[in-house]
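Chain naming follows the written order as A, B, C and D, and within any one chain the residues start at number 1.
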Amino acid sequence: MLQALTAPRTRKLWLLLGYAAAAAALFSAPLYLSDFRLNLLAKFLAFAIVALGLDLIWGYTGILSLGHGVFFGLGAYAMGMHLKLAAAGGRLPDFMDWSGVTKLPWFWAPFESFGVAVLLGILIPAALALFLGFFTFRNRIRGVYFTILTQALVIITVTLFIGQQAYTGGTNGLTGFTKLFGQGLKTDGMKTGLYLATVIVLIGAFVLCRYLVKSRFGKVLRAIRDGENRVRFLGFDPAMYQMAAFAISAALAGIAGMLFVLHVGIISPSMMAIVPSIEMILWVAIGGRGALVGAVIGAVALNYAKSSLSESYPEIWTFFLGGLFIVATVFLPGGIVGLAKQIGPLFRRKEAVHDQALNPVLRESNRSV
Amino acid sequence: MWLTQLFNGLSVSSILLLIALGLSITFGLMKIINMAHGEFIMIGSYAAYVTQNVFKSALPKSAFDAYFPVAIVVSFAVAFAIGYLLEATLIRFLYGRPLDSLLATWGVGLVLQQVARSIFGAPNVAVTSPSWLDGGMRIMDGVVFPYKRLFIIGLVLVCLLAMYLYIYRSGPGRRMRAVMQNREMAACLGISTRRVDGMTFAIGSGIAGIAGCALSLIGAIGPTIGTNYIVDAFMVVVLGGVGKLVGTVAGALGIGMFNTLFEWWSTASLGKVFVFVLIVAFLQWRTMGLFAVKTRSLD
Amino acid sequence: MTKPSILSCEKVTVAFDGFKAVQGMDLALQPGELRFLIGPNGAGKTTMLDVVCGKVKPVSGKVTFHAKSGSIDITKRKEHKIAELGIGRKFQTPSIFAGLTVEENLEIAMSQNRGVWAALRTTAMKKAERERIDAELSLIGLGDQRALRAGRLSHGQKQWLEIGMMLLQEPEILLLDEPVAGMTDKETEKTGELLQEIVRKRTVVVVEHDMAFVRNFASKVTVMHEGKLLKEGTMDEVQRDDRVAEVYLGRRRDVDAVG
Amino acid sequence: MRKVHLFKSLGLVLTASMALAACGGNEKGNASPSASASPSASASSGASAGEGGDTVKVGILHSLSGTMAISEVTVKNSELMAIDEINAKGGVLGKKIEPVIEDGASDWPTFAEKARKLLSEDKVATVFGGWTSASRKAMLPVFEELKGLLWYPVQYEGLESSPYIFYAGATTNQQIVPSIDYLLEQGKKKMFLLGSDYVFPRTANKIIKAQLAAKGGEAVAEEYTPLGYTDYSTIIAKIKSAKPDVVYNTLNGDSNVAFFKQLKDAGIAAKDLTTVSVSIAEEEVKGIGADILAGHLVAWNYYQTTDTPENKTFVENFKKKYGADSVTSDPMEAGYTAVHLWAAAVEKAGSFDVEKVKEAAKGIEWNAPEGKVTIDGDNQHIYKTVRIGEIQSDGMIKELWNSGSPVKPDPYLKTYDWAKGLSGGS
């Protein structure tokens, strides 16, 4: 019977059914979750969007970025600036007032418009990724060197954002938002609306990434992961592909950042720092790199674990979280999806899926030094 | 003034080198992206703290000043032991998976922080420095070279020399290099790679412990101090070129000197930004660090 | 022998950290020629291929590719540009894309618009492309393995897959580095057949150690030694040469990293 | 690759439904997961919700992990002690207080998340928590939205007066402004302003500069170092060349340890150069070493040595509960006082209702360890006595000067002429 279930045609049906069920569960969440839990879930789903982008660049292209916090933060700041201006209602944002700024800085002005803010929230991270990628990928900086370089990017950005307190709000960041589209940000309708918008954006991002991965572009990305130089000798310029993937990934992080601000109501430089950037990687690693579903599952599951562990064991929860990272990366190298793939054959009674099915992904996403 | 700044630059470099030396082994040679390196520094600091307390409570006051040399040994031993244990239980599953090692050791770091918090409490603790390290050498009016700084510079040189002798001039060191360069071949030649791996990681951790002990003289001792050092340590190793001791030295000197210089000219925050921008720019030029190991393999 | 050459290397010198791997090497290829490059370890054969495909930049010398569109100085181009121009390279170790299926490997290798935009817009293969790949699959005998991840192929199959990829790439000049190394006799035989097939349409340079294999082809042989040209001629001429014999049979040198 | 899709999709549904179910499950009774928690956390697991039954829940929200844990854990301890004291006397309005402890994890969005959880899931009557300005700013919108009450126990940079926050620590005119006046009176006019790069030092220094300009002092330099900065050799060189009378220090956390250790090594003792710190209390002295800090000045509203009968009991009880070598400090005292003030306000209001408690809190007086404190009904800050102290070699702080009577809080410095224009239009 199981064999019938796994026949090629029914396979597709099951897949569709699975996605449909997941989407239905997400769309109906406002009906059965409390405000607080819905807000949490919305935040996790925003994180899932970053995870998708990270999977694209790490899982599929083999480039580990520990700087996605920056892209996430830039998107979040774009939205934060818009909300701050909306809350100030034509006056100067409060923190500028205290810092002795008398006129709205020129680079704040465009964020008055929601559309422009959203556009910039996508374009600025993408542009920064292109800029960084233009140099680093063309100079063939890769592996751990690239990873460390992205950490330097984090330090630079965070230090600048903190230092320019008069223009960025410093360590406090931007908070105290009240309105969006002239509506109260805290009304029930707005919250549900923002949640549903996040679900839709997540599905959109998922579909986009799936398209990218299935296209020839995605195949070239995976080829780059397996052997960057080999791709070069086939006549492709890997730098261009890496830049494109990095920029798309950064743009997704920016979008996630914008949604995050809408749900959480604060963005500060600490959200761009090293720790959140590494956590983002862990979402993908634990979910299963090189599998888009894995990224989404990882982001939601890990953040859920973090939230509930810290609620239940506020004083020692980092023990469990740290332990989870260790166990997951050492003993579950394929993440949750990898586990499913390993368990899968047991049910199928067919030839066991050999490690190798997964190995290239792991080996190459590990290739660095 | 320039003399003071030159000395400060040297001093900052020596501290950077001290925190990076251990990492240049665990990361540089073993390719383990050891995010728990900062926590080994923390372990060293706490070991110094415990040693001090033992001296305070168990020994006569006159013997107190002798605690510090003992603390250095204890710090090394404790960090070495924990490093050995960690290698045996966890790191050995991670060879050839550098990026997985990053994630797993990150988890180790979290756990170690929490362990420290559970044992010693969340607030910082204080270490009284031995009186023979108080004060400084007066070079001329207004220019004082603190003894602690001089001591750290000396300590780094000793560690460096010891490491050099061990890695390049001793039997175990040769075996270590053999294993790190070609694991299979070394195993064929009858080298116990398991033991070499364990020793190597433990030595790297032990040196981090010494760094922690020395840093207790000039910095804070608390559960999260490791986070203050970890990024700098990686920058030093990468800038110098992974796997090269001389590169690590050069990386530390470069970052330390430039940092002091920029900080003097501008502010601490901007100085930090400048240094990191410089690192990014420099890596564009020398993509594998200052002292790159050239290979001819395709990838 | 007066046909215009398709590729000419003049006085090429390559240095690694002061060590000269290739010194003043000359090499000229006629269109459609099959040329074997032989010599002891460390002679600089692979380095020569590296220079032609752009992986290594020479410190001095000129490499000119006389393409249909005109003469181009190779040393000033990036690798992917050189590949685009029509110089293909197969490396010593099979370097297929382990995470991609056999079919996907071929799809990527196929001559096509290799820009990002084109790749982004392509989701399915066109009919003509599919036919080319099908033909190739049957040529290299991997039709049954088309949906298999390339990482799971045997060593020989990987080599064939790579040759298949090279063919789909449709280069004018093909550089092969030890295509039969590590193969069983049977595999070697099949590779020989493939090679005959390949040679028919294009210029090929093969670096090879297996003399028996080289002897199967009646073609010109270039012998390199210590980075220099030692002898050029037919296999018979080369075998009769005293210096060549000395290099191969005389004092064995230590092999350094440049092999 | 082939049949993996089925399992992918199954996994997808499974995880999604698992997460959702777990979320939903947790929502009904928060009691279940914490039942097996550590002793202090298990206090939060009661069968009752909010103020049902004979207990009332309050939130305790500090960083118990991450970089801020070094400061915040002890405040949590003193707040728990206050709760125990009140419970021992029968609780408030006859109900025992049940603390729900959450970890802000030194991460500002987490503070916002946990605040929301405490208010909307646990339905706590009030929350005591926060340390950094950033954490308070992150929580503020949540408290205003859900109309919950927050008691914030730390001195801060002022310029804020949320109707849902009670500020139990000093604002600028209860710590920084009088300490500058004190220094100027001592004839120390040239000041070197050193701080960590974040909001409190920058705002404080802006106020100080305006004050100095108006009163004949001079800020010779203003330096900020990134949070967590550990090498102060260059800064010390800058101090040496600027030759100030005073270093006014607003560094935070680990940086203080590094700065003072290295200052001493550079041959600069307290007798050579006066420093005034506003973020170093007894707890920090313990972590830096009293031998290093002896002779340096600090400005606070409370010291462990403050001579009131209430403080004697407070210190005694604290040592009894947390060990003989534990110390008490200003933020700990403020957290402790905040709990008692809230309890007093609840008793006066006869209700746990936030609006009623707020109304009742106006003008409430209480004899705190620091002396008499009064809640200012206008801005929900607290009248506090200002104290300048000198660190002693035993780690205690000796009071050199005090303001005589509690100072009225003025977060926007509206009553100071020289401060006009500082707080802008708002």
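What we mean here is this: a residue touches a chain if its C-beta (ideal position, glycine included) is under 8 Å from a C-beta of that chain, and two chains touch if they have at least 3 such contacts.
Predicted, not measured: the structure shown is a model, and the values here were computed from it.
J.: Using the touch definition from the top, how many steps at minimum link subunit A to subunit C?
T.: Counted as steps through touching chains, the separation is 1.
J.: Out of every possible chain pairing, name the one holding the most C-beta contact pairs.
T.: Chains A-D share more contact pairs than any other pair.
J.: Taking all protein C-alpha atoms shown, work out their mean, then name the chain whose own C-alpha mean is nearest to it.
T.: Nearest to the common C-alpha centre lies chain A.
J.: Greatest Cα-centroid separation from subunit C: which chain?
T.: The chain lying farthest from subunit C is D.
J.: Calculate how many whole Å lie between the centre of subunit A and the centre of subunit D, each centre taken as the average of the chain's C-alpha atoms.
T.: A distance of 33 Å separates the two centres.
J.: Measure off the straight-line distance from the CA centroid of subunit B to the CA centroid of subunit D, and report it in whole Å.
T.: So the centroids are 34 Å from each other.
J.: Report the inter-chain centroid distance for subunit B and subunit C in whole angstrom, where each centroid is the mean of the CA atoms.
T.: 47
J.: What are the residue numbers in subunit B that touch two or more other chains?
T.: Expected reply: 113-114, 267, 269, 272, 298-299.
J.: Name the residues of subunit A that each touch 2 or more other chains.
T.: Within subunit A, the residues that touch at least two other chains are 159, 162-163, 227, 229-230, 316, 318, 357.
J.: I need the residues of subunit C touching at least two other chains; which ones are they?
T.: In subunit C, 91, 95, 149 touch at least two other chains.
J.: Subunit D touches which residues of subunit B in the complex?
T.: Subunit B residues touching subunit D: 1, 4-5, 8, 11-12, 15, 113-114, 117, 121-129, 134-136, 138, 142, 144, 146-149, 215, 217-225, 227-229, 260, 263-264, 267-269, 271-272.
J.: Inside the complex, what are the residues of subunit A that reach subunit B?
T.: Touch residues, subunit A against subunit B: 64, 135-136, 139-141, 143-145, 147-149, 151-153, 155-156, 159-160, 162-163, 227-230, 274, 278, 281-282, 285, 316, 318-319, 321-326, 329-331, 333, 362, 365-369.
J.: Of all residues in subunit D, which touch subunit B in the complex?
T.: Interface residues on subunit D, with respect to subunit B: 64-67, 69-74, 197, 223-226, 228-231, 233-235, 237-238, 240-241, 253-254, 256-258, 261-262, 264-267, 283-284, 286-292.
J.: Considering only the defined contacts, which subunit A positions touch subunit C in the complex?
T.: Interface residues on subunit A, with respect to subunit C: 211-212, 214-217, 219-220, 222-223, 225-227, 229-238, 240-241, 244, 290, 354, 356-357, 359-361, 363-364.
J.: Help me check something: in the complex, which residues belonging to subunit A touch subunit D?
T.: Residues in contact with subunit D: 5-6, 8, 11-12, 14-19, 21-22, 25-26, 29, 32-37, 39-41, 43-44, 91-92, 94, 97-100, 159, 162-163, 165, 170-173, 175-177, 186, 264-266, 268, 270-271, 275, 291, 293, 296-297, 300-301, 304, 307-308, 310-318, 336-337, 340-341, 343-344, 348, 350, 353, 357.
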